[in-house]
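Chain lettering (A, B, C and D) follows the sequence in which the chains are written, and residue indices restart at 1 in each chain.
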Amino acid sequence: MTFEPQILAFCCNWCGYSAADQAGAAKMEYPSGVKIVRLLCTGMMDPYYVLRAFERGFDGVLVVGCHVGSCHYKSGNVQAREQVERVEQIVRALGLDGRVTMTAASAAEGNVFAEAARSFSEKLRKLGPNPIREVVAR
Amino acid sequence: MVRTAVRPDSPTFWKEVAATPGGAALATCIQCNTCTSSCPVEALDADFNVRQFIARIRLGLREDVLSDEAIWSCARCYACVAHCPKNVRPGDVLEAVRHIALREGRSGPGARHTRAFADSVRRSGRIHEARVTFASLGVRGLLRQGLLPVRMMLRGKAPALRRHPIKSVAEVQTLIRAVEESP
Amino acid sequence: MTARKVGVFICHCGGNISDVVDVKDVREFAAKLDDVALATDFRFACSNEGQERLQQEIRERGLDGVVVACCTPKMYEDMFRAKAGEAGMNPYLLEIANIREQCSYAHRHEPDKATAKAKLLVKAQVEKVRKLRPLEVRTAPIQPGVAVIGGGIAGIHGSLLLANLGHKVTLIEKSPTIGGNMARTVKTFPTDDCAMCTLSPKMNEVYNHPNVTLLTYAEVVDAKRSPGKFTLTVEKKPRYVTDACIGCNRCTERCPVSTAKSPIQVESEWEMGLSKRKAVYLPFPQALPPLWTIDADHCFYFQKKGSCRVCQTICPAKAIDFTQKPERVEVAVGAVLVATGWKEYDPTPLAHYAYGRHPNVVTQLQFARMLDSMGPTSGVVAKPSDGKPADTIVMVQCVGSRGPPGDPVVHEYCSRVCCMVAVKHAQLLKKARPEAEVYILYNDLRAFGKGFEEYYAKSMEIGVKYVRGLPGRVRADGETLLVDVQDMNSGRRLALPADVVVLSAAMEPMPVDNLLAALHLDKSPDGFVKEYHAKINPTETAVKGVFVAGCAQGPKDITDTIAQAGSAAMSAAVFLGSGQMTLNPLVAEVDPALCRACDRCTEVCEFDAVRVDPQSLVAVIDETACEGCGKCTVVCPTAAISVRQFTKPQIVAAIDALAPLAVAP
Amino acid sequence: MRYAYFPGCVALDSCKELDAATRAVAEELQIELVDLPEAACCGAGNLQESSPDTALALNARTLSMAQAGGLDLLTVCGTCQLYLSRAAKQLEDPGTRDRINGLLARTGRRYDGGVRVKHFLQVLLQDVGPRKLKANARRPLLDLPVGAFYGCHLLRAPGAEAFEDPEDPRGIERLVEILGGRPVAYSHRTACCGFHVLTTREDLALGLAAEGLSEAKGQGAHVLATPCPLCHLVLDAYQSKAGRAASERFDMPVLHVSQLVGLAFGIDPARLGLKRHLVSLKPVVRELEDEEVVKA
């Protein structure tokens, strides 16, 4: 049974979540391992959530916010990027390098969301499952 | 002179000019013509139109521009650079075009003069006016000067026929080589 | 955590969901989840029949939480919450599980994976609902009344609409009279209406309107914001002229300032410096309020220690009162309309146009004053150098506009109106003096509006000459000026002799930085007030209750200004209309026990919605300002601050529900 | 007052008189000119085009010589002033400076920025100042109508705005008034002389020179004064040719600014090299000396 990466996707209500909706409405396929949690703004994305996701066995965390300058709350997406960069260092230290990424997709860019989901899932497939899963398995 | 329609031979020519020192801002030109209106040369010779040169560069008419002898008619007075409302520095853009023409070994009176100039600096560190003028004009050109050289000689105004290079001319040549070798 | 009775309602969406997701399987899975009292499904949850079933189940079973597994929440979340509310359950205990776009649509060819994912999405929402607390939607009374800042055409039109709707309007104008820049223009394009004829009636209407309080020679110096209310501090500068003034003008006639040998000379701002004015003056005849004003900065009485009282002695109405003091007034309103307008760019830095160096180089607004029969030259376009009528005029476009980005001297934007202003002034002059010659030197002549092209074409018919190309230099050749330009149309190099050169100078925002800071308003990169959304919401701002209209928001002509003033007034009316301001419940709240008053939240908040109360040393949320973006929740070291329905426990519950590992390692 | 003296190339060759006059005036004003015999050509735009880095390196080398003596660099030519001050400005950027110093290192030199480049006209007006100039004007110009011919490069040089409004310069006019002359206003005083296309497009240079000369003559100037030897060459040496091209007779003497100051200081015309001009200066000198007999 091929390994299908489980990805937790934090999507902002205004851009990322709508992009996912648009991808679905346009019947754009992306791996079913991508599970979406809606936030009002990616600025609300707390590094703790990323660590929690990995602790709970997710193979990757994807943050999808608005393009710079079009955040509904002025610059929540800028703080999100800072937080993602901060948590990336912690994640790298834990040997889970490359399993967190942030991208931007406006409400009209369903294709960008689908493509991000597919390519991140593909990258994680090569990276393999989250090592913490084996720890639990043993 | 009958002309034929020109086909854009290098669509990315504007990028090439923009990457050459002085050409960086040509993409922001809004063709408002302040430069041509400031240009003392255009007032005398409509073939030299700096705004049109920028338009031709941006259309990708590489050969049309580089082979046009008029690019050498620029008096380098920088009035266009001073007045351009968009800071495109049109004069510098043309300088970049001439730099490309020189690098490609284009011929013509303009190129010949600039090369003679550079050669004189390499040889003596300074400009040997007589040598540069003669190399630029050539025999025919000098003859066309008529009596002027003679009258200048009578006044002692004519540039010296022999000029000693500066003692440290070797340094100049080292620098020239260093520049040619650096990437 | 008290036990909850959660209802799960799964929609087939007429096959859109059920064709891919095994609804029966999800229903049985949901039924077995903790606290789930009921799991059922509908062909169409959003249909009337579906909604009634939902309400009936809530009432009969006393559900205190609902998850509707259907399409995206963007479609029916509000509707389902309203229905749940009607059925007696707190609407904010209802969540949507998006099993259509995110499952049946996105994984059409993998039904079993779609079904498995649907189960997890439902489980995640159930876990979240179990942690939700009921929210009551609070409302705050909106202070009645609106303040309109700026007495130009935008402020006047907006005030009239709001006043006619019955709102109490306070119109605040910095200069001694309302009217703004429109009163300076002689005519308006493209209709050639006399500006004053269209403006003056509106000025009178607003001046006499029972619902409008007019504060002129007054400036907003501070603004405090509280839920549903703005408290503006307005400083009224003293006019030193009381209401007894009967407008006989004797004081102006006798005032020594700006007379030939007077040490104090002052240029008339109204006449754009083309003529001088006295210290006691009325800007223009139709000024409202019709009161004279004494400019203390240029009056002998104030500047030379009371050495002159001419105006006071000869005033028949005894209206001069030197003892008046600046006065501060508090204005409490529910909404604010910013209509502070524009000022003309000063072309002096563009040295090659010789503005300021040669008297016969003027700007379009100065030219307008020349065309005004009440103006300094009584309508005759004359050379400022010697007053003789000007026979040839050369106009230059884009002066100070369309410059490089970020340039400190010129603006990058196009000022939009100068082309039509130039066409207007040119054909006004040609009609008045057909023998005069007018050249317009342009780069792109932008006649884009209704009737503009016809107006432009007509100007050519009566002989206005158009040269495509901006000039290299304006130089003096003895008395006349010479304009060097190469005309792209004819290809010829011209040296145009000009008695007067008119520069179409850019429109700049009126400098209102402290007002914007007080109202927490942003500026867009071009320096004008930033609207909420440039395309679909140009007259509201990021601050709820503050609206913007006219040139304060960006260069525009009077037609667009009127349209924006109408739109802003309507938005303000809607905002004020209900009298109640429903506060968005999904905003931040602070747990006082955990807050250490470390100010981290106030630093990241871009809406100034949180401030540490000095007495209680606890962060306090201004619920009208908070948008619920949650930036503060990330930087708060003790998680004292959280956004309702998006608290850490609620989100973590969803993460755990979706996670591959059921339990922590 | 000490300056590192950079005469350029033309002022030591066809316009030797400019160097002579400058040294004479400097001596009169106790200004010490420290020679830079090893300084190379400023590139005059041509080198800037053929190899921008070489031009910048050579100018950095010249600036480093001035820096060695802790001196400002003094020029007497508009074009040298432009390209040297442009180089100085470019070299204020640390990145550029390091790159160029990398090249200069091969010749054992280094430039650390901060050298100011000043034209002699600016030195006279700002550093020497009106009072000292007037004090030295033993032979004031007796209302001699002088037309200024600025040329372009001096006005376009970075830093020129410190002492001139490029669109409406007054420096030479002020200098003429201080020295007792009468400045003549004519619209072409800031026009281009066309020297930089003299060999390639002589017709353009002649046309430009003719316009300036005709305008100045029309406004009653008896003599022109220019701060640039290149303008001087076009206006003086090519004056008869320009006249023939524009079919107008010109007999307009053209002085270097240093020579004009020299005359007003009463320095012997021979020492100022006046006889090297193609358009004779005799009428001007005679006008200044009215009764005395003038030796050619």
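The criterion applied here is as follows: a contact is a pair of C-beta atoms (placed from the backbone, for glycine too) under 8 Å apart; a residue touches a chain by one contact, two chains touch by 3 or more.
A quick note: this is a predicted structure, and the numbers were derived from the prediction, not measured.
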Looking at every pair of chains, which has the largest contact count? B-D
What whole-number Å value describes the gap between the mean CA coordinates of chain B and chain C? 51
If you average the CA atoms of chain A and of chain B, how many Å lie between those two points? 56
How many angstrom lie between the CA centroids of chain A and chain C, rounded to a whole number? 36
Counting only Cα atoms for the centres, state how far chain B is from chain D in Å. 23
Where in chain B do residues touch two or more of the other chains? 79, 82
So which bits of chain D are touching at least two other chains? 166
Could you list each pair of chains that touch, in label order? A-C, B-C, B-D, C-D
Residue numbers of chain B touching chain C in their complex, please. 25, 28, 30-39, 42-43, 46, 49, 51, 79-80, 82-83, 85-87
Inside the complex, what are the residues of chain A that reach chain C? 6, 8, 17-18, 20-21, 23-25, 27-30, 32, 35-41, 43-49, 52-53, 55-58, 72-76, 79, 83, 132-133, 135-136
Of chain C, residues touching chain B in the complex: 352, 398, 402-404, 407, 410, 443-444, 468-473, 484-486, 488, 491, 493
Which positions of chain D touch chain B when the two form their complex? 9-10, 12-14, 37-41, 43-54, 57-58, 61, 82, 102-104, 106-107, 109, 152-153, 156, 166, 191-192, 194-197, 199-201, 203-205, 207-208, 237-238, 240-241, 275-278
List the residues on chain B that touch chain D in their complex, please. 21-22, 40-41, 44-45, 72-79, 81-82, 95, 98-99, 102, 109-110, 113-115, 117-118, 120-121, 125-129, 132-133, 136-137, 141, 148, 151-152, 155-160, 163, 166-168, 171-172, 174-176, 178-180, 182
